[in-house]
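Two complexes come next, and they have one chain in common, subunit A, joined by subunit B in the first and subunit C in the second.
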Partner chain A sequence: MMKAHSAFRKMASRIPLAFVPAAIVLCINIVLNPHILSLRGINNLSLQIVTIALAVMAQTLVVLVRELDMSVGAVVCLTTVLVGSTMGTLHIFSLVLVLVIAAAFGLFSGLIVAYVKIPGIVVTLATSMIIGGLALVIMPQPGGTVEEFLGRLVNDQPLLLPNSFLILLVVMMVWKYFKNTKFGSALFAVGGNPFSAYASGLSVEGAKIAAYVGSALLAAVAGIVVCGKTMTGDATIGNPYTLSSIAGTVLGGASFMGGVATMKGAVAGALIIGVLVNILFFLGLSSHYQNIAEGIILLAAVVISVFANRDGKD
Partner chain B sequence: METLDLNKTYGPTVAALNVNITLQPGRVHALIGENGAGKSTVIKMITGLVRPTSGHMRWQGRLLDIHSPLEARSLGIVAVHQELTLVDTLTVAQNIWLGHEPFGRLGTIDYKEMNLASTKLVGSMGLSLDPSTVVGKLSLSEKQLVEILKALSLNPQLLILDEATSTLDDKEVEVLHGIVQALRSENRAVLFVSHRMKEIFQFCGYCSIMKDGSVVFESDTASLNEHLVITKMTGREISQAFPAKNVDQNPAKTRLKVEGLATRNGLHEITFQLRSGEIVGLGGLQGHGQAELMESLFGLKTITRGSVEIDGKRISLRNAPDALRAGIALVPEDRKSEGLFIDRTVEENMIACSFSDCTRMGVISRSRVRAVVSTIVQKMGVKAPSLRESVRRLSGGNQQKVAVGRWLTTHFKVLLLMEPTRGIDVATKIEIYGLLRELANAGVGIIITTNEMIELVGLCDRVLVMFEKGILTELAGARISEHNILAASFGHRRAIHDEGT
Partner chain C sequence: MKLADRNLNRNSLRFVVPYLLFILCWLVVSLAVHGYGTIGHFLYVVQFAGLLGIVAAGQTLVIVSGGIDLSVGALVTLSAVIATQTAFSAHLAFPFAVLAGLLGSVAFGVLNGIGIGLIRIPPLIMTLASLTIANGVSLLVTNGAPHEVRDPGFQAWVVKPGALGINGILQTWILISVILVFMMGWTSFGKKIQFLGSSPKATIYAGYRPKSLILVVYIFSAIFSGITGMLLIGFTGNSYLGMGDSYSLISIAAVVMGGTSILGGSGSYLGTIAGALLLTLIASVLTLFQVSGGGQMAIEGAILLLLMIAYTTAIRTRD
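== the complex of A and B ==
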């Protein structure tokens, strides 16, 4: 009996706290609109949440090393534009191209943050303007061609599980692997205490650069999923993702002081935001209300986390 | 390990002078000295944190230079410092193996192996510590033990314990003693720095005593006793001119009265009085609570217990404005970052503490500023090319005069000075001693912290020696001697003589 109890507690401790409010908003959504439990409804919800979840994971990776990435949304924009404008000629290799370009931008931001030692929020604010501007230059109006296979890859739902959800699972598994490598442990150590990490022979610069590259790659995957959903390139479609990603990261329990974050938490954070958007949409409120709601939730989450972490340090 | 004529200079300051220390395998070697004697510098050179200006090291018979902590570590030289270098957000096991984790297949960290090895290591020390606990939840002494475990996990040939026992209790020190003896029997070398005289004799077979950057004495500890060690550390000439002390203080009234003061970060049972016209020095080795005491008297640290009175009136010290209202002024240790607005002008710095005296209807009035500034320049003898020059351009001594001088128009009753003469040339030092004495004679009570023994001896009317965050003893009159201050700094009450030596 005791054993079963402690096993349950152990299991419960592995589930991020953020799943509790996530479950609550999900229940509210189901009560308001039971249709989301239909096959179609589940697929739509999954698509909605997976794109946000990828963006939140991108942000979480950077927050883990005590930085911020303001270019998540811009990378999503550029990705859809590049896919839209190159898929006609490059076909599937267009996806490889966007991943490489995104990684290059992540590397660029990371190098400046790590070696010039400028706060990441400033560096990526600048690079986000460059990347977003570039996307608009390439494609001032939404358009381009997106091949059928990407649409199917993202939208199909062969059994009960939507493909988009499987994409998220694959990304989570890749993270689970990396988390347990030297690289992954370095991210946690550098975020927790850069000085200790350095004294233990880890590269603080390397960890920061890796976090920005990883963030850009995840944002690009989010962009590819968005592209498959809308079947067009659109140079402004990704912009809301930057703030959503920060809100989701906080909701997911990551600490802005670095060193504390889980990707499961990130997914839970994304779930809260995604479902909330759904509810507002169902209530017939315009997307502007979405901004207000997200802002309030972000503020509430930050305030709560500050009070929760205030343990009387002098 | 052998050091050959190691030298380290910082600008004109000599931190280490021709240091020769031979660390033999199977021997626990103590390094002893007062603040600024050069212990830390030597350790930093051995562990690759700083490069020697000249000189070499020999490691297992091989002549070499150590360029980085990583290089030292790869040789088997591992140091445990007083400042903790743990990541609070990681577990005990993750911290112990940080940077040299055991790997399994696919290049992933083998957490099972890591936890197993940690449990073994913890067990071998006779401790009960769950390796999966997050370090941030541990107490200070547990963290210190993890730090030591981390060093041991690197399998050191030379283990350096730099004040590693300062947060440990008797039982934990006993455990560490066992480990050190085990290392010794495995023919490893240990270098041990501690402020507790008892431990030096308990742990070490050999000791080197440093003074003013050089090793002045070395010997087997068996042929030594505590008095002899302290005597070897002392012996500096008081060569500077200090103003006459305030001998007759009987009629003077009590300015500041502190009773049973305690703070959250460790100060406890602090009780003392400061009389009008008196200069009191806080002695002791670095990090024994001198800075915390000063900061708590200025409302910068939360006082958890005890009372503070000024002129017989009880005051509360929740923040700096409280202290200012009560008439307490503080000149912090670091002039450039804390004491001054380093890039603002001399004039602006001088009026910073008496801003409201310099305004007319809320707007700065040139004539009032001039009045304040000229008072300060006159009293303190500040030498500046122009009062509109940024203070950064002034010499250290003149910067300090500005930092002290700006309080002059505020009618303070108690002046707290931290390291008032650090980095200042001798002539200006003497000038500052004179100024402080003048202030005291005008009725102010002054408390100073200083790393310079001669200032405690030469300048102060009384010295309170701090040890492990409390006041160990109070010295006055002829009992203020280098010998007595050092004895008390090492917690050695019995060695205090009645007369100065």
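== the complex of A and C ==
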């Protein structure tokens, strides 16, 4: 009996706390709109949440090393624009090109943050202007061609589970592997306490650079999924993702002091945001309220996390 | 204390650099481009710099105190939208409409101050949230439609040259500049926010109240955004969604360009004035060469980044 109890506790402790509110909002959504449980409903929900989840994971990676990435949305914009404008000639290789370019921008931000030692917030504020501006230069109006295969890759669900969900699963698996490597644990160590990480021979600079490169790559994957959803390139479609990514990271239980974050929590945070937006829409609130709602969700999440951390410390 | 001393000493000369840069750029532009470099062109640049400079005044206070305010652009839009909407639908006299616009902006300043000062939410996240909420409120107020301003007296004051050949925008900017330079350089409030920016903990031990200081700083920032919003509707004659959006990032660029440390603790409004002039000059040249909005954004981002790197490295090598 005792054994079973502790086994249950061990299992429960592995599930981030953020899944509790996520489950609650999901239940509310199901009660309001049972159609969400149909195959099509699940696919739509998955499509909606996976892009946010990838953006939140991108942000979480950077928050883990005590920085912030304000360029998540801009990278999503640039990705859709680049896919839209190069897919006609490069076909599937345009996805590779996009990932390489995103990684290069992540490396650029990371190098400046790590070696010039300017706070990542303001560095990425500037790089987001550069990246977003470039996207607008390449494609002032939405357009471009996206091939059919990307749309099928993102939107279909041949295995009962939506493809978009499988993409998220693959990314999670890559993270699970990476987390346990020497480099992955360095991210946690550097975020937790940069001085002791430095003293024990870890490269603080390397960890920060890796976090920014990883963040840009994840944002680019989010952009590719967005592209498959909308089938066009659009230089402004990604802008809301910066805000959602920060809100989701906070909701997912990551600490802005670094060192504490889980990717499962990030997914739960994204689930909360996506489903809440769904509920608002279903309640018939006009889309005019969406901005206000998202701002309030972010604020509520931060206030809760600030008070939770304060209780822990005092 | 020693650090604060050094910061204060360093301030005294750093703001000269952007002025020299501005004069250099001015000479290059007036030699290279026909029609540039005249008094008329100078006044044109200065009045646009004024709109930016007033927003950047609040941003300077915020950044010197160790924070950052991303919501200024949204507050410019919000105040403009509220003012025109109340004048339009509630048939209020124009001064009341202006008051309503400023109050709307100040409400968000109070919200920012409470969130950052009292609840201790990181400034970037707090102002990002209020930016989003303010944008939502603007959308609700206008329903997405632009509105005209119908107050010829106010519009004429803003645009037409009045006393000493300068228009309302410049009169306001000069007034605010004098107040701000005095406030930051010669009052205890100015010293306190510099201390707050270099070490919040030391501020508490020194017996100041950081919470109320932070509240005041963000309210100032909101008021200045509101004032720019009012001048902007007087200048363009109407209000529309997103009209102030670009000010958020550009005001930060102007502050950084003026030699204020992005890390807080040191800076001056004199530098920000030069930063606003320089950025406006660059924008006018880019517009002349028909660089698109996206291109301008990318170039401004690159300038902001280069300046941050240059200033931060310069400080580090000097220490």
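To be clear about the criterion, the second predicted complex is superposed on the first by the 307 of 314 C-alpha atoms of A that agree within 3 Å, B and C clash if a C-alpha of one lies under 4 Å from a C-alpha of the other, contacts with A are read in each partner's own complex, and residues count from 1 in each chain.
Just so it is clear, a contact is a pair of C-beta atoms (placed from the backbone, for glycine too) under 8 Å apart; a residue touches a chain by one contact, two chains touch by 3 or more.
Keep in mind the model is a prediction, meaning the values are calculated, not measured.
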First, second, both or neither for A:K182, with subunit B first and subunit C second: first
Touched partner set for A:G284, first subunit B, second subunit C, both or neither: neither
First (subunit B), second (subunit C), both or neither touched by A:I130: second
Contacts of A:N193 with subunit B and subunit C, given as first, second, both or neither: first
Subunit A residues touched by each partner, larger count belonging to subunit B or subunit C: C
Partner chain in contact with A:P158 - subunit B first, subunit C second, else both or neither: neither
Subunit B versus subunit C as contact partner of A:I121, first or second or both or neither: second
Touching partner for A:L243 - first (subunit B), second (subunit C), both, neither: second
Which of subunit B and subunit C A:I112 touches, first, second, both or neither: second
Residues on subunit B engaged by subunit A in the complex (per definition of touch): 69-70, 73, 85-90, 94-95, 98-101, 103, 106-109, 111, 263-265, 301-302
Of all residues in subunit A, those that touch subunit B in their complex: 177, 180-182, 184-185, 188-189, 191-193, 195-197, 199-202, 255, 258-260, 312, 314
Sites on subunit A touched by subunit C in the complex: 68, 70, 112, 116-119, 121-123, 125-137, 140, 235, 242-243, 246, 250, 256, 288-296, 298-299, 302-303, 306-307
Residue numbers on subunit C that touch subunit A, as the complex places them: 68, 115, 119-122, 124-126, 128-133, 135-137, 139-140, 143-144, 249, 252, 256, 262-263, 292-302, 304-305, 308-309, 312-313, 316
